[in-house]
Amino acid sequence: MIDMINIGMDIGLLGVLLACALLILRSGSLLAIILLSAAYSLSICALFVILDAVDVAFTEAAVGAGISTVLMLAVIRRQDESLHAPRWPSAISVVTGLGLGLLLIVGTLDMSMYGNPLAPVHLHLAPRFIGQSGAETGIPNVVTSVLASYRGYDTLGEVVVIFAAGLSVLLLLPSANTETGEEHEDRQRRAWIADNPILKAALLRVIPLVLLFALYVQFHGDYGPGGGFQAGVIFGAGVITFGLLCGLGKLLAILSERWVSIGMAAGVLLYAGTGVAAMWRGGNFLDYSTLAETPTAGQHTGILLIELGVGITVAFTMISLFICFSRGRD
Amino acid sequence: MEILYFIVLLALFASMLCSLIRTGLGPTWFDRAISVNAFTTKIILTISVYLFATGHPQYIDIALLYGLINYVGTLALINCLNRRVAAKTPETAND
Amino acid sequence: MIDLLGGTLLILGSAVVLVGGFGLLRLPDCFSRLHAAGVIDTLGAWLVLLGLLVLSTSIIVAFKVLLLIILFYFLSPVNSHGLSRTALKSGLRPFTDKPS
């Protein structure tokens, strides 16, 4: 019966995904496409749950439910909503798309078959990670220890990519803010959301819960699904809610852009600094075993610190993106 | 007990498909917004029921996360449309 | 006994959710569809989650399901309210049989 539930869920969710994609293809309004892609991301999150990839599902839930819709809506606010795309795509885009797809398919030919028990990853990496990561790092969640310790270099690269993305948005959308703070306040007052007591009363009370949940995800990541990336996005979503409810002016009065930039850099610095501290104490870069008396305790400390660095960078990057996209002209 | 979970999941999927069709059909932005909201509700329920059915209810954190932050997207939509209404005449705000 | 109660709540909830889905598809205009999407769905989600609360085996899971129920109780109506006020303000009008 469990098998039947699994197969049914697979077929159902893949069908829903296909339906979403087809509806997006034939939809003419950008707003509809944004809402449909929110539905798409929801169903792919459920699919990750079925595949037992709970950490990935967590990330998809945090990003898809909160941030991506907010950012895409902020983008279409800057331009006309209707889609002026031609009915048929141009030859160049067809050739590029098909060629790229073909290249990707050719790339997958080198991978071993899905589910093949003799694939190299199941012979060498998986037994080590599953069998010994608990003893080596003292952390029950294998995903966290692989992400933060065994593949710490990769994760450092990912954090730097997120930092660079935030930085490039800051550079591309400079603070050429033509309206003053007062004008902004005035426009906020005209927009009705600022004086809707029901939305404000209900949602302002949820923000502390969201921030608390972010901290839970951050520090519970060693034991259950979660970690720095997810926690950062959830924290950012909480702060963005405040910005949407009370206006950008109030948000900037609490958290100035200068501090947001400092926070973005501080997380990356904390991550790299942990690596340097490991070198300082006689180990390799990002080898946390030297950070405390016993190697296991050192690993635990190091993973906690770098997850915190990831969380800080992701949270402040999200806030910075929101500020960049939502200020300026309408 | 499992056959019951199966029936519940089947009903949730049927309902999910209805919301999805309404999201695609529209015709106004309001239809799409409320049907995506309904879709979110059903995905949360599906994930929760599935986790209970397969015996991993400790991962219900995911459903809780959706419950906590799915309103952010709705709020952004409300904000976006309100600004548009404040900037233009009411009729142009329709999809 | 507990299984029976939880199962009944689950079946009731999924029936209500199914009705909500059909309503979303069949009702004639957007404000009447709001009943299916906002009111009925909140009740359905409530019943399903209550069933899961009854069926949950550990305290921490029960607490999380309870938190989810409370969140649905508050946030789902607030969402519907915010969206419908915006719709009224943006010029959508409810469908009536009187000529406007």
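Letters are used for the chains, namely A, B and C, taken in the order the chains are written, and counting of residues starts over at 1 for each.
Following the convention adopted for this analysis, contacts are C-beta pairs under 8 Å (C-beta built on N, C-alpha and C of every residue); 3 or more make two chains touch, one makes a residue touch a chain.
Everything quoted here is computed from the prediction, not taken from an experiment.
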Point to revise | Reference chain C; chain at largest CA-centroid distance | key: A
Practice item. Write down the chain pair with more C-beta contact pairs when B-C is set against A-C. Key: B-C
Study note, to complete from the structure: Cα centre of chain A to Cα centre of chain B, whole Å, reads 20
Study note, to complete from the structure: Whole-Å distance, C-alpha centre of chain B to that of chain C, is 10
Check your understanding: Just curious, how far off is chain C from chain A if you go by their C-alpha centres, in Å?
Key -> 28
Review point. Going by the touch rule set out above, which residues of chain A reach two or more other chains?
Key: 192, 199, 203, 206
Review point. Which residues does chain C have that touch at least 2 chains other than itself?
Key: 71, 75, 78, 82, 86, 89
Review point. Where in chain B do residues touch two or more other chains at once?
Key: 5, 16-17, 21, 33, 58, 61, 64, 68, 71, 75, 77-78, 82, 84-85
Point to revise | Footprint of chain B on chain A - complex, ascending | key: 1-2, 4-6, 8-9, 12, 15-16, 19-20, 23, 26-27, 29, 31-32, 35-36, 38-39, 42-43, 45-46, 49-50, 54, 57-58, 61-62, 65-67, 69-70, 73-74, 76-77, 81, 187, 190-193, 199, 203, 206, 209-210, 213, 217, 224-226, 230, 234, 237-238, 240-241, 244-245, 330
Revision key, fill the gap. Listed in rising order, chain C residues that touch chain A in their complex are 71, 74-75, 78, 81-82, 85-86, 89
Exercise for review: Within their complex, state which residues of chain B touch chain C.
Suggested key: 1, 4-5, 7-8, 11-12, 14-19, 21-22, 28, 30-31, 33-35, 37-38, 41-42, 44-45, 48-49, 52, 57-58, 60-61, 63-64, 67-68, 71, 74-75, 77-78, 81-82, 84-85, 90-91, 93-94
Review point. Which part of chain B faces chain A closely enough to touch in the complex?
Key: 2-3, 5-6, 9-10, 13, 16-17, 20-21, 23-24, 26, 29, 32-33, 36, 39-40, 43, 46-47, 50-51, 53-54, 58-59, 61-62, 64-66, 68-73, 75-80, 82-87, 95
Revision key, fill the gap. Touching chain C in the complex, chain A uses residues 192, 196, 198-199, 202-203, 206
